[in-house]
Every structure is written in structure tokens, then in C-alpha cells.
Amino acid sequence: MKYLMDYQEGERVVAFCLIKNKEAGVASNQSEYLNLELGDRSGTIMAKLWDVNAEMKEWINVKSVVKIDAAVQMYRGKKQLVIQRIRPAAASDEVQMESLIPISPVPVDELWTKLTHAVDSLQSATLKAIIQEALATEEIQDRLRHYPAGVRMHHNYYHGLLEHIVSLLTAAQSLLPLYPHVDRDVLYATCILHDIGKLYELSDPIAPDYTTPGQLIGHLVMGVEMVSGICQKLDISVGDAEVLHLKHCILSHHGEVENGWGSAVSGKTPTAVMFHYLDQIDSKMNALSQTLGDMTEEEEWAYAGVLRRKVWRGY
Amino acid sequence: MKYLMDYQEGERVVAFCLIKNKEAGVASNQSEYLNLELGDRSGTIMAKLWDVNAEMKEWINVKSVVKIDAAVQMYRGKKQLVIQRIRPAAASDEVQMESLIPISPVPVDELWTKLTHAVDSLQSATLKAIIQEALATEEIQDRLRHYPAGVRMHHNYYHGLLEHIVSLLTAAQSLLPLYPHVDRDVLYATCILHDIGKLYELSDPIAPDYTTPGQLIGHLVMGVEMVSGICQKLDISVGDAEVLHLKHCILSHHGEVENGWGSAVSGKTPTAVMFHYLDQIDSKMNALSQTLGDMTEEEEWAYAGVLRRKVWRGY
Amino acid sequence: MKYLMDYQEGERVVAFCLIKNKEAGVASNQSEYLNLELGDRSGTIMAKLWDVNAEMKEWINVKSVVKIDAAVQMYRGKKQLVIQRIRPAAASDEVQMESLIPISPVPVDELWTKLTHAVDSLQSATLKAIIQEALATEEIQDRLRHYPAGVRMHHNYYHGLLEHIVSLLTAAQSLLPLYPHVDRDVLYATCILHDIGKLYELSDPIAPDYTTPGQLIGHLVMGVEMVSGICQKLDISVGDAEVLHLKHCILSHHGEVENGWGSAVSGKTPTAVMFHYLDQIDSKMNALSQTLGDMTEEEEWAYAGVLRRKVWRGY
Amino acid sequence: MKYLMDYQEGERVVAFCLIKNKEAGVASNQSEYLNLELGDRSGTIMAKLWDVNAEMKEWINVKSVVKIDAAVQMYRGKKQLVIQRIRPAAASDEVQMESLIPISPVPVDELWTKLTHAVDSLQSATLKAIIQEALATEEIQDRLRHYPAGVRMHHNYYHGLLEHIVSLLTAAQSLLPLYPHVDRDVLYATCILHDIGKLYELSDPIAPDYTTPGQLIGHLVMGVEMVSGICQKLDISVGDAEVLHLKHCILSHHGEVENGWGSAVSGKTPTAVMFHYLDQIDSKMNALSQTLGDMTEEEEWAYAGVLRRKVWRGY
Amino acid sequence: MKYLMDYQEGERVVAFCLIKNKEAGVASNQSEYLNLELGDRSGTIMAKLWDVNAEMKEWINVKSVVKIDAAVQMYRGKKQLVIQRIRPAAASDEVQMESLIPISPVPVDELWTKLTHAVDSLQSATLKAIIQEALATEEIQDRLRHYPAGVRMHHNYYHGLLEHIVSLLTAAQSLLPLYPHVDRDVLYATCILHDIGKLYELSDPIAPDYTTPGQLIGHLVMGVEMVSGICQKLDISVGDAEVLHLKHCILSHHGEVENGWGSAVSGKTPTAVMFHYLDQIDSKMNALSQTLGDMTEEEEWAYAGVLRRKVWRGY
Amino acid sequence: MKYLMDYQEGERVVAFCLIKNKEAGVASNQSEYLNLELGDRSGTIMAKLWDVNAEMKEWINVKSVVKIDAAVQMYRGKKQLVIQRIRPAAASDEVQMESLIPISPVPVDELWTKLTHAVDSLQSATLKAIIQEALATEEIQDRLRHYPAGVRMHHNYYHGLLEHIVSLLTAAQSLLPLYPHVDRDVLYATCILHDIGKLYELSDPIAPDYTTPGQLIGHLVMGVEMVSGICQKLDISVGDAEVLHLKHCILSHHGEVENGWGSAVSGKTPTAVMFHYLDQIDSKMNALSQTLGDMTEEEEWAYAGVLRRKVWRGY
């Protein structure tokens, strides 16, 4: 199947897509037009829709699914669509969500199985109980199967957060034999729960925005509060050393407080210090993969937002 | 009554005092000596005890109360004691704790009354209930009546934290009429609870040190967890806007995250932003008062640790 | 009376307003158009004027007052005017300046009375004489009754500086009883004179820009030079301790030198340190009030330039 | 066998050790004394030697090996030796270097085998040739088998650099399957050569100090120059993409230039970015292992120089 | 002769120029247009070309030379061209490169003579040999006679780098008598070679961009590698103190490592420290000269990119 | 003549010197001793005086001149004196101040002549008048002939400030031909007056300390106030562009405000920007000359406080 990103300059596109953003304007002939950001699983593209009438304005909204007939043109070095015809998608079109938004390349069930295997492998009864409880509710399971790891920077796609967690678990497992002072169970628990607060910091998995609690409390403290709530429910002592350690790793996973990146405390154990770097590696590698994956054959350098500089595709 | 700080060079001191710190050394004649830091309510002073024997080493410990007979000498521009005789205090000496450690000049009952008045004045039933519950346990009451606001920097004396809270409440009350976008009840609640985590971040009120949870979690998140625990107990929704606001103010009271001073989030409401500055004013004014209070008549400038520079006594 | 900000999408606006900014462009049909920034006391709005002729270009200038007939449209989520007719305001229109630019909500005479009461209350003959002399000239009085406290950030409206001063005096008065090491008279004098240099750092009260001396010397040093000039005139010794203290507070009111915010020295007295925070509170609260005041009912979050992040409107 | 660190307060020590540092002083009785820093493979300890005569001063020098008879005392909370007798070690004492300085716990031959296996596994003929050439000279081999990875911070012991390299190779190997955009051969080559300049930046493996070229050029650029020299010798083009990539990874391995940690360029490929974090993990884990390993049973917290804060031993 | 920058609003321009940048767009009438950045030796200007056809798109490219017939209009306060006619330049037009790109006001031969005189004056046989070898190849000579010192910031014009070098040599010569601890020959050699790596960091002298080695290695290390390559060729010892010093000065000429401006080491000799400041003076004075030179008579202030603030033209 | 710094370990010193600092201590035998910092024109050295009696304590004070008979010993790698005999210097000893404190190697009259020549060469009547007036009072002349340029960092010796000024004038004169946008007269005036405030920021030329106005106002603003005072006296308009420019250069000579080094404004003219770098060069070169001058033949590296790192003596 052909997706939005696959069309080249001059081609005609007939496709279903999702409206990600919309901006109205008035042309010099006083008629209205819309600048739309359209997306499907292959990515997003800007589109121009001239001569918009009142009726159209009613059903053309962010998160609507539409069918378009459009031409691909180049504008400032980027492809852009000029829409000739547009209509809302109907139930009978049977459009699948999976075709409309970017999605992790790894199947969600495979990821989930790996996650549960990691939980099963924990030797600490306390940590295992906390994680099992955290993953027991349908709401959490549902969110964890769909949420991205972020709005923009890395793993920013359907079940991106779950992919990030499983990737971290695999990395952690492979490095643990080298560093005996790292606590295996706390490290695994941190991989699983460090961003769990994001399930409530973000508003939804399709066009995620920051929630009010997300902005006021932040996903680090939200995650710690979820852990504490579970402990209270399971009657685990607040002074339990493993729980303290886990909470410390969550609160410090953005690095040193002095750097101003949002940790509530600086890492003070080998486990906490190591996890911060693993998280940096996994998130940066994912973001750079996307940047490099989007480059064309002729491009040797492209701007990578995650590093705020250009990166090299190599040879 | 005459306290340690009142004695001048050349005088003989006979007094009860508290051992705050101790370091052993060996003199060139191979006999042992002790460098002691002694304190009473007037402050602390270094003292030298020569020719220490094994029996002495048993009862001369940090937090012991002793009676000394000593001479005041000058060493590197500072007064120092050379101890001639020393013995442990006995029950029959009836030494009062109030005479042994620095203590807030304001009576604790007066402070407590002001605190409860502030709580009574809250119009928000939710916030009032949370604070009343927080102050209801004997343990919290006991700690809040004795703990300093910190190990070193400001209000670092008996019931210093309570004095700091009441001072902030007074300041908040007086500024509120000027800034109508500040939420009165959330501001009051923040004054009372912003440092409540310190009651468990610090080990004890006499010679306070950082506890393990204090170092791993920090008093900001510890305070937020106390608030959340109370909400659960009182069946207050975790999404309650006032509770979110209060937690936000506690988490952001060390200023902008980018500064690296330990906030978990940057202040995002007028109340949170204003509280940070009030807390800065109250803590810095208290610390500077101590610096200026310790200066002699002839001194015009003295080093203030809180500012990391010299301050001027004025005219 | 209805002002610019009161009109909604689709309405027709017939109103007097001030031209705050103008940019020319050429449309694809080769005719010229103007992008205008129009303002009145309620705020500013962008406006488009198509088919501009040579005669129009002569009288459409920044700071001109014009009468427009225009339609309100939405553009990129913001209201914008499309001007149908425009003419210069005539004397016979009797347009009041007060209706054309934003203005402090507090009447200027009320502010002035409070200011003079504060001056009268000073116990230091020296400081009182300096301030009275500073406020004695008609030029200063005239400027102080009209100047904003800044171009953009806070109190950026007619007699905004005076409002800022009086607000600081009120705040200072209410906090003074708490902090006995703060010098009341110097604090009051700093409230009044700390930004006095802005009367010459800024070019005029209506569309203020930075003057050349303002950019080369800055309002801190300009203020200190005004104080020194007055001292020389009044035969007050340059070594007078209160004058030194006042000048120190003016020079340090942007906070620690190390922060790079423009203080010439770091605050070295309780008075100087406290004033910096009071100034932060008053300016930030004013700026946030404007941000929150501009939000609509449905908006929960809005970007606040003064904090470089979004702020929460609350519940 | 019992080493210096194994003796407790009050015990008598008779042992061979290395003089790491020496400072002379004059006692109040006008006789001279020496403060010595003594070390063996278990660590270092301060020692006092009273009544030093002229003859002693001749043979008591940094890097001398001596035999001491001393008593362990406590001073400022740390063990210290008071030396009763001291004599230079003689050839007949047959003291082994391995007993005198700290040494990596992994046998050097085992490390060397792992290193050569990694080199053999390279698929890039260019990179393999460069590394084989780099390791071909006896001087390099000799240094690489003995040098520490640094003067103080991490892997600061006999063949510590080789241990660091092999540890990084193992970590790299285990993470590579997760991150397909990382160049395996360049990553391996960077593990092996990133610190190769340290073999000339440091003066010797026993009491290493910085050489003059080390301080003027630094080990990053020194390593790159070694690579370039080899390329010239092997007739490999300076424009070879793999060589450029390797040199880029060496020059950027201290992280972003903006951080000011000494990189000559910021990492601009996934391989370079990832290596920086791997290097951080390996060096910090090694340093923390030493800190935690030096703690006694009762200690829960200890200061870790590498993090400039206290670290927690856990439970 | 009249150049692009000399034309005023309303005038008609018939001139040859170089295309520096091009962006395509689609007008509301669906026809294509181009935004072109055109330049000649006087500077660059934006130009609009409406109704572009397919044939035009073939020969209108970056670095093409074209002849235009256009009108000067004002747009957003800046002059802009609207092109009526355009054709490619033909060989018969005999357009000179010197008329098409900005060029140093000093004749290149005069600069070259000064450079060689400076080389001749060196007393160190080693440094003289290195520089003579560096300047001996035709490629280097050719580049050094044409390359700018940078893409944008300073001396960004034809043979700008050579002008910068000669200016630094003159400055160095004049300051040397004041500072006897500065090494004259190393300082001269650094003036000549500090930016020599730019000849390969930049792609070409007309529309320079960063090369791949330039971005991966940077001109500091590239310059040092050139020096080392020459030493090897000339059989000069790598440990030669003057060569070490020269390389140190090149590697440290962007200032302290901690500032994050790209030095590989911080300056550790008077010569290195002084050269950094001389380079700052020469580059900033050149950039400011351009800013001030571009200002009109009425302008008193203009934005200077090199300082990220406005600069004053003076009186 | 032999000075303090000329004596080697083991030698006996009989000399006049100045007491720069004094600290009392009590030995283990209960007798008092003094740690003295003694100085003469060659530098300063620590000295120990045992068994101090009450009478001695009366006349051994900071800034006293004494005659000592002492032995040179090594302590912690540095020379130290052990005083055998000490007495106060008498009038009959005819000790010259020049022999007691470090002094600029250039004769003061030669410096003064160069300064006046520079003043005479000014073409601006305004600036010439201001400087002449500034140098006209006996007090300023006296101070300028004796004051150091600072307490510690650079030119920290008798008439060091004058030497610094003349050195800057020479450097400025030699660079001016290269940079035509720099204002010659303003640059010269800035060389002469930029640190003029130091004459009142420091307490005296022999053992300088910061005065109270110096700490509260700082020498930048103090210098500007001196200039303004002179302008008022000479009836020069406060708006005079040259005076504004001079004041701007004084206020900005510590570099960009954002760096937090104490400028009140950032440099906004070529003259101001260039002067900052000239001042950096001259002060750093002077400080490094002292560091290098104090090194012995065998030392290759020494710590330079001005750079906070070690510097290389070279070859």
C-alpha cells in the first residue's frame, strides 16, 4: 500500500489521512483558505485547501479523518499538497487507525510479552508485586499499549513508550554482568516504571498534548506517586529500601539537578547513575534513527532536533 | 546568665555545654588530644582538650552534655577554649535543653497559636482538612515544635522551621491585597507545608543530619507524598485543582528548574512564582540577621555564607 | 464604550486607534498593501490594508491617530482586522490619549498622593531631601506621571512606572516589621528611585524605545548619577552612608552580578537583597496578571513571556 | 597476605610500601618531621615520621620503596600511621611491583586476549589494519599493559586503561544489536583507541603525572594524530570515511563542546553519541565501585569524588 | 560602476549578478514563482521572479551568473527586487568574478607580499621551514588567495582569510615589544596557520559551505594535522618544543575549554592566551566594520550578529 | 642588595621587612606563637615566631616595619622563616619604602611623562579637558603615582596602576591604525580612566584592601561618577556624545554583562569591545609574567592564579 510520504513531486494523491493541525487564512481575493497538516503512518505533510466554504469548516477539524484528492508540489524545498477535492471518511470506508498514525515497527504483543517476561524474572518479591499491581489495571494496560514516549523528541509514535521500555530492559540485561554494583531488580523496575507518569502527563496517544497535572507535577513525581499509592495498597512499608531506591531512580533519571533538566534529585547510586545514561542512549538512538531514516540517498547531512545540530549519514 | 559566646579573651569559663563535634589527634609527645566543637544556646566555639585518657574517650561523645572549666584564648583571629577540667553532666545538674542549643527567640506556643489561626482562616474546606490532618498526629506536632529549618543555612535552631512558617504566613498575609491573582488559601497552605518534608529529611532537632530517605527523595517530593497520603485517607480526589496547585507550589518552591536548585518543576502560577521569592526573602533575611548579629561593634563587613560574599553592617 | 479588543470575529469595527507599527508589502497583483499594528487602551491588533496609494503612505505613520472601518477575521488563531476605510483623526474628533493607549487602572493622582505620603514619612533628612529634590522638577514630575515601567515586560502602560513604585512601597511597608535588619528609609528611597533612570532610558511614554544614553549607560547607573547630581546640588557628602546605601541598592537591584542580569554590583546588605526580590515579585505579578487577564474563559494555559513558559489560569 | 588498608586502629604494621608523596615540617621543638603518603596495592595512607635526620632525607623520596614499622592511630576520623622505624627496601627483599601499587583485578593476559579477539573480529580491513599497526610496536604494547586510565578518577591502577578498553568492548558488543544505525567497526575501534593518547599524556604507570605534550595537546588530539600517522604509514587516504568517522568519535568522546568538558567537536553520528555515554557509564561505574568497595559495614553513605556528592551503599 | 546595493527604491536595475540562494513557491493563481537571493560585490538582495516556466527552472541555479532587469521596491523595511526579465550570462558578457562577489578591499598581491615578509622574518628555522612548506603547494596558495575566513561572521569575502592573517600579523608585530614573555616566532606562526584548516573545512570560496571533514574534525584539529604532516615530511621531531607550542596555540585559539567555544585545550602560555584575544579583536572589529559600513546616515543603531546586540554608530 | 626572596634554604636572613599579615596561635606547651607574613620589594614569605610575649604583641602589627634575624627552612615545598630575633625599625634605620614593597620596574616619572604625552595628543578638547581636570588634584596625582592596579591579580605593586595605564596606551596606539572604526581619543581616555575608580575602591597603596564605597559601588561606577563630576564642574553637557562614549567604555570594560564579570552594560561600540580585550591582554600578560618570573630553572610548569590552571615556561 502507498502512503503519504511515498508520493513524489507531480504525482496525484488519493488517500485517507488524519488532520493533525489546521490554520485559516484569507487570500488577497478575500476568499478563505486552510493550511492543513495531514498525516498517516508514514509521516506528516503540509497541504493547502483554497476556497473553503462554511460547510467545510464544520467538518474539517483536528483529529478528523478525511479522504483527499491532491497534487504534490515543491515549496521551499519540501513537498506540499494542493488539495483538489476533500470529503470526510465514512464508517463504510473502514479506515484502520494503524494506517493513520506512525506506529512502532515492533508488534505490540511481542513487546508486551517481553515486558511480562522481565517482570517474571524479578527476584525481589516487593518490586515484582509493585509492577504487577501497576500493570494490573485495564486503564494502564490500555495506555501502555498505545501511548508514545513523548510528543516530539523520541519514540513519538503509537506504543512508542512500550517499545522504549522493552529496549531499555534489553540494554539493561546485556550490561548488568559488567557492573556488579548495579542492582538488577531496581534497574529493571526503573526501566519499566521510569516514564509511567507519562501515561497521565500526556492527554492521548493519537495527538498527544500535556495534561494539566502533567504540567503542574511532571511525569517523574507522578510516577513516584503511582508507586507510593501501590505500596500503600499492598501494605509495603514506605521505608522499604528497594522502594526508596526505585523512587530515587525515577526522580533522578533526567541527570544531575545542577544541569536543570528536571530531575528532582541527583543520582546517588550506581543504578540511578547508569539508568540515566541508558535512557539517554535509547532515546537519542531512536531519535537519530528517525532523522537518518528520513534522509534521501543524496543527503549526507540532516538536522537532528534531539541534538540541536546536523548529523552525518555516513558512507 | 552568661553563655559561651559572652566570654572574652583571657576569661575563665565554667559552664555546661553540648558536644557538637569531636576530632582526635596525637601530639608530638605522643599523647592524645581532642578538638571539640562545643555549643550552647548562644552559639558554638572550638575547644582543645590535651592529654585525653581512655576513660574520657568513652563518655566524650557528640551530643553529650558536659561541664567544663576552660580558658579563652585567641587563635587565628577567633576565640578558642583550652579546657582544664571536664566532666559529664549529671541528672542532678538539671541542665535545660533550652540553655544548650540555639533557639528561636519567639516562644514556641506563640508560634503554634499563629499557625493554628492561619489554618482556621482558610476558606477552602479541602486545604483546611489536609493541613489539619497533617498537624493532627503527635509525631508531626512534636517535630514541628522542635525541628530547625535546616542544618546550616537559615533558621538553623530549635523550632526554627516553625518560626520560618509563621514568618512566611505573616509576609504572605501582608502582600496578598496587592496581588489579586495569587490564591490566598493555596499560598497559606504552601507556607505551612512547603518544608514539611524536612521533618523526615532531617534526623533530629538537636544535631540534625540528612536521613537516607531525605537524600534519596528530598524534602520537596517527601512533602508532596505526605499531602497525597492525606488526600487518600480523607478521600480527596487526586485531580482536585487546589490540591494540584498546592503540590505544584511545593515542587517548584526552589525556583526555576533550569537554575538547578532542586525544583522538580518550574512555577507556573502567580502563587507558585510569588512563594519562591517570599521563601528566598525570609530565609536570606534570617541568615543575614544571624551574620550581622554575630558581628562586633568594630566590624563593618563580615562573610555571609548564605550569599557567598561579605555583607555590610551599615552605619 | 467599546474598544478594539472587545470586537469578535465577524463584527465590523468603526473606531479611533493609534498606529504602533507598519510594514509595507507588494501583492502578487503588484499593488501595495500595509500590515499595521493598531492599538488603543484595550490592547493591540494586526490589521491589513490592501491597495495602498501614494497619498495614504504619507499620513499613515507610526504614532499617527486614525479612524478605521474594518472587519474582524481569524488568522492563525488570532483576530485580525481587514480595513475597508481609513482616515486620519482630525482635531475636531477630540480623541483622548487615555482612550488610545493602555493605562494603569489606578488614577495617577491617587498614585502621586501615595508617593508623596511615603516621602513625607521618611525619617532620614538626607534621603527625604534627595527624593524631594528629584521630584521637584516639572520634567521629572511630568515623566513620572506618564512613563511605563518598560517597553514590553511589565507595567508597560501609561504611568506604569508610578504604579510599580507605589506598589513596591506598599509591599515594602507591609514586610518591614518582619525584618528589623532592613533599613526602612533606604528601602523606601530605593522603591522610589530604583528605576528613575528609566525616565531617560526610554524615549517617550506612548511608543517608548531605548534612547542612546539608555543603551550606553543603562537605567541603573543613570539613576545613580541622578542621585549623585542631587547630592552635589544639596551639598550632601559623597561619603554619606545612607546615600552610599541607596546607590548600592539601585546598582544591585537586578540581582547577583554572576547571573548576568545587569547589576553593577551584587547586593551586600539585607535591604539590597530584599529589594531585589520585592522588585521581582511586583514585576512578575504584574506581567502574569496581564497574561491571565488576556485569557478567554476556555483557555486553561497561556504563554507568559516574562517566564518564558506557559502559565496556568487555575480553576 | 595483609596489606596497608587491612590494619585497624591500634595495630602494629610491619610492611613494605611505596612513598607516593612527602612533605617536610618543623616541630615546635625545632626538630624536623615528614608527612608521608604511603601506598601499596590495597590503597594509600598518611604517615608521620618524627625526628628526621639528614641521612634519612637522602633516601626517603617519592617512588622509593621502604620497609616500615608503625602504629595505626585515628586522626580526624581517618587511620594514620606513626612510623617508629623505617629503612629502604633492598634487592634481597624481592619486593614485587604488583604488591606495591593497586592493580586491576583482571589478569593482564586475559584482557589482552579479549582485545585481540575484538580486533580480529573487525570486518573493515582499514580499521583492522590501523589498530593492528597501533598495537604492533613494543612500546605501545608495554604501556597498554601497564598504564592506568587516569591519575585519579577511574581505572586509576596498573593496566587500568586496558581493563577500561575491554570493558567498553564488552558493553559495545552487547548493545549493538539494539541500535542498527551504530557502526559496529567504528564503535569497536573507538573503544580501543579513544584513550590511546593517554599513553603519552601520562608520564608513567606507577606514579603518573601529566607530560608536557599531554598538557599542551591533550589525549584526544594526540590519539587522532597517532591514527593519522598510521594512515600515512599504511597509505590509507586521509579522506577515508571510516577513518574520518573514527577520528570524529575520538575527538567528540568527552560530550558536547558546549559543556566545556574538552571535546574538540560535538558528536554528529549515532556511533559518536553512543560512545560518549558508554564511556561515561564505564568510567563512573568503575569509580563508584571503588568508593563503595572502600566503605565499611557500618557506613551507609560515602563521598564519591567522581560525582562530587555522597553515594548510597544500599541495603 | 554601479552595483546592486547602490540602487534606491523606485529605480530600475539592469545588472549581472550571482544567484546565492533559490526557493520555489506556488502563487494563489497556481503559477510558480521563485524567491532568489542575488549578489554582487556590493552585497546581497532578495528578488522575486513571478511566472516561472520549466525552461527557466533549468538554468536558474545557485552559483549561476545571470543578467536581470528589475525594479527596486521596499518590503518590510528592506529593498527587494521584482524581476521583469532574466537571462543567463554568456561567455561574451565577459563578467569578472571580482564584480560578482564581495572582496577584500586590500589587493591580494599586497597581502601576499606582507605574508611572505613575515615568514622571512622568522628566526626559528623550524617554524620557518614548516610555514614555507605549508605555503609551497599550489593548492594551498590558490585557496589562501581566495578563501574567506568564514561563511558568515567575519572576513566573509574573497581572500578574507588572507586579509585576516595579515591583519593579525600586523597587530602581533606592534604589541610584541610590550610583552617580552610572548614568543615572537610562535605568535607569527600562529597568526599564519591558526585557521589554515579552514581551507579544507570550507567547500569553496564563492558560496562556501562546510565540508564533511570540516564538520567531523573541525579546522583547529585539521590545522594541527597539517602541521604534523609537514613535520613528518621535513623530519622534524614530534617532540620539538616550538612545534608543540605552535600546535598548542592553534588548538586553544577559541579560548578556554570551559567556555564551550570549541578549543581542544585551554591556552597555557602567554603566547596562546594573547593570540586568542588578538583573534577576537581582529574578527570582531572586521564584523563591526561591516555592520557600521552598511548603516545609512540616519541610522544611529544597527544589529550586529557577531555580538548578538545592537551597536552604536557614534557621532 | 639581597632581598627576602633571594635567600635559600639553610641561610640566615638579617633584614628589614614589612608585616603584611599576622595570626596568633598557642603551642602545645601553652606558649603563644605568631605566624607572620613578611614582605619586601622582592615578594612575601611566611615566618614563624615562637614564644611571643605581651610586649612584642604590642608593636608587631600589620604594616609595621621590623628588623629580623631568621633561618630559612623548607615547609610543604616552600621556603619559610623561623625568626630568632625581631625588633621594630627605628627612624635611624632610614628604611626606604621602595625597599619594602614590590614596585613596578619602570620608574614612576617615566610613566608619568608618557601619560601626559598621551593626554597632550588628544584632539578632542572635551576629553582632554576632562582628563586634565581628573589629573589636576594633588590627591589623584599622589594616588596614581603609588596605587597598585589590584589587591592580588595583576600589576599588584607600587604604581602598578600607572604602569598598566601606560602599557594600555602603548598597545592602543599601536593597534589603532588597523581598526579605523575605533575612536582614538575615546580609546586613549578609556585607557587612562577605566580603573580610576580603583584609587578610591582600594584603601591604600601598601597593604591595599577594599574600601566600603569600593565594595558597595565598585570601581566602574565610581570612575563614571568621577567623570560626571568633572563634566559638571567644567560645564560639559551630560549628553555630550564623546562623554557618553567614554562612560560606556568604562562601564563595559569587564566584558559582556551575561558573563557575570561585573560590567554594568555590554560593549556596544568597536572602541568599547576592543578595549575590553586590550585590558584582558595587558592584565593577563602582566600576571603571567610574574608567575613565569617566579619559577626556578628546573620548573617547567607552575600554577597561575589568573588563569586558574598551570602555565608552561616553554623551552
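Chains: A, B, C, D, E and F, in written order; residue numbering restarts at 1 for each.
The criterion applied here is as follows: a residue touches a chain if its C-beta (ideal position, glycine included) is under 8 Å from a C-beta of that chain, and two chains touch if they have at least 3 such contacts.
Note that the coordinates shown come from a computational prediction; the quantities given were computed from them, not determined experimentally.
Chemist: Hop distance check: chain B to chain E, minimum number of steps through touching chains?
Modeler: Minimum number of steps from chain B to chain E: 2.
Chemist: Have a look at where chain B meets chain F and say same if over half of the interface residue numbers show up on both copies, different if under half do.
Modeler: Different: when the shared numbers are divided by all numbers used, the fraction is under half.
Chemist: Express in whole angstrom the distance between the two chain centres, defined as the mean CA positions of chain A and chain E.
Modeler: Centres of chain A and chain E (C-alpha means) sit 43 Å apart.
Chemist: Per the centroid of Cα atoms for each chain, what is the distance between chain B and chain C, given in Å?
Modeler: A distance of 41 Å separates the two centres.
Chemist: Of all the residues in chain E, which ones touch at least 2 other chains?
Modeler: Where chain E meets two or more other chains at a single residue, that happens at 28, 212, 215-216, 245, 248, 268, 310, 312.
Chemist: Please give all chain pairs that are in touch with each other.
Modeler: Taking the chains two at a time, the touching pairs are A-B, A-C, A-D, A-E, B-C, B-D, B-F, C-E, C-F, D-E, D-F, E-F.
Chemist: For chain B, which residues are in contact with chain F within the complex?
Modeler: 27-29, 33, 50, 73-77, 80, 82, 300-301, 310, 312
Chemist: For the complex, which residues does chain E have touching chain A?
Modeler: Checking each residue of chain E against chain A gives 23-26, 28, 30, 212, 215-216.
Chemist: So in the complex, which bits of chain C are touching chain F?
Modeler: Touch list, chain C to chain F: 212-213, 215-218, 220-221, 224-225, 228-229, 232, 238-239, 244-245, 247-248, 251, 256-265, 268.
Chemist: Which part of chain C faces chain B closely enough to touch in the complex?
Modeler: Listed in rising order, the residues are 167, 170-171, 174-175, 178-183, 241-242, 245, 248, 266-270, 273-274, 277-278, 280-282, 284-285, 288-289, 292, 307, 309-312, 314-315.
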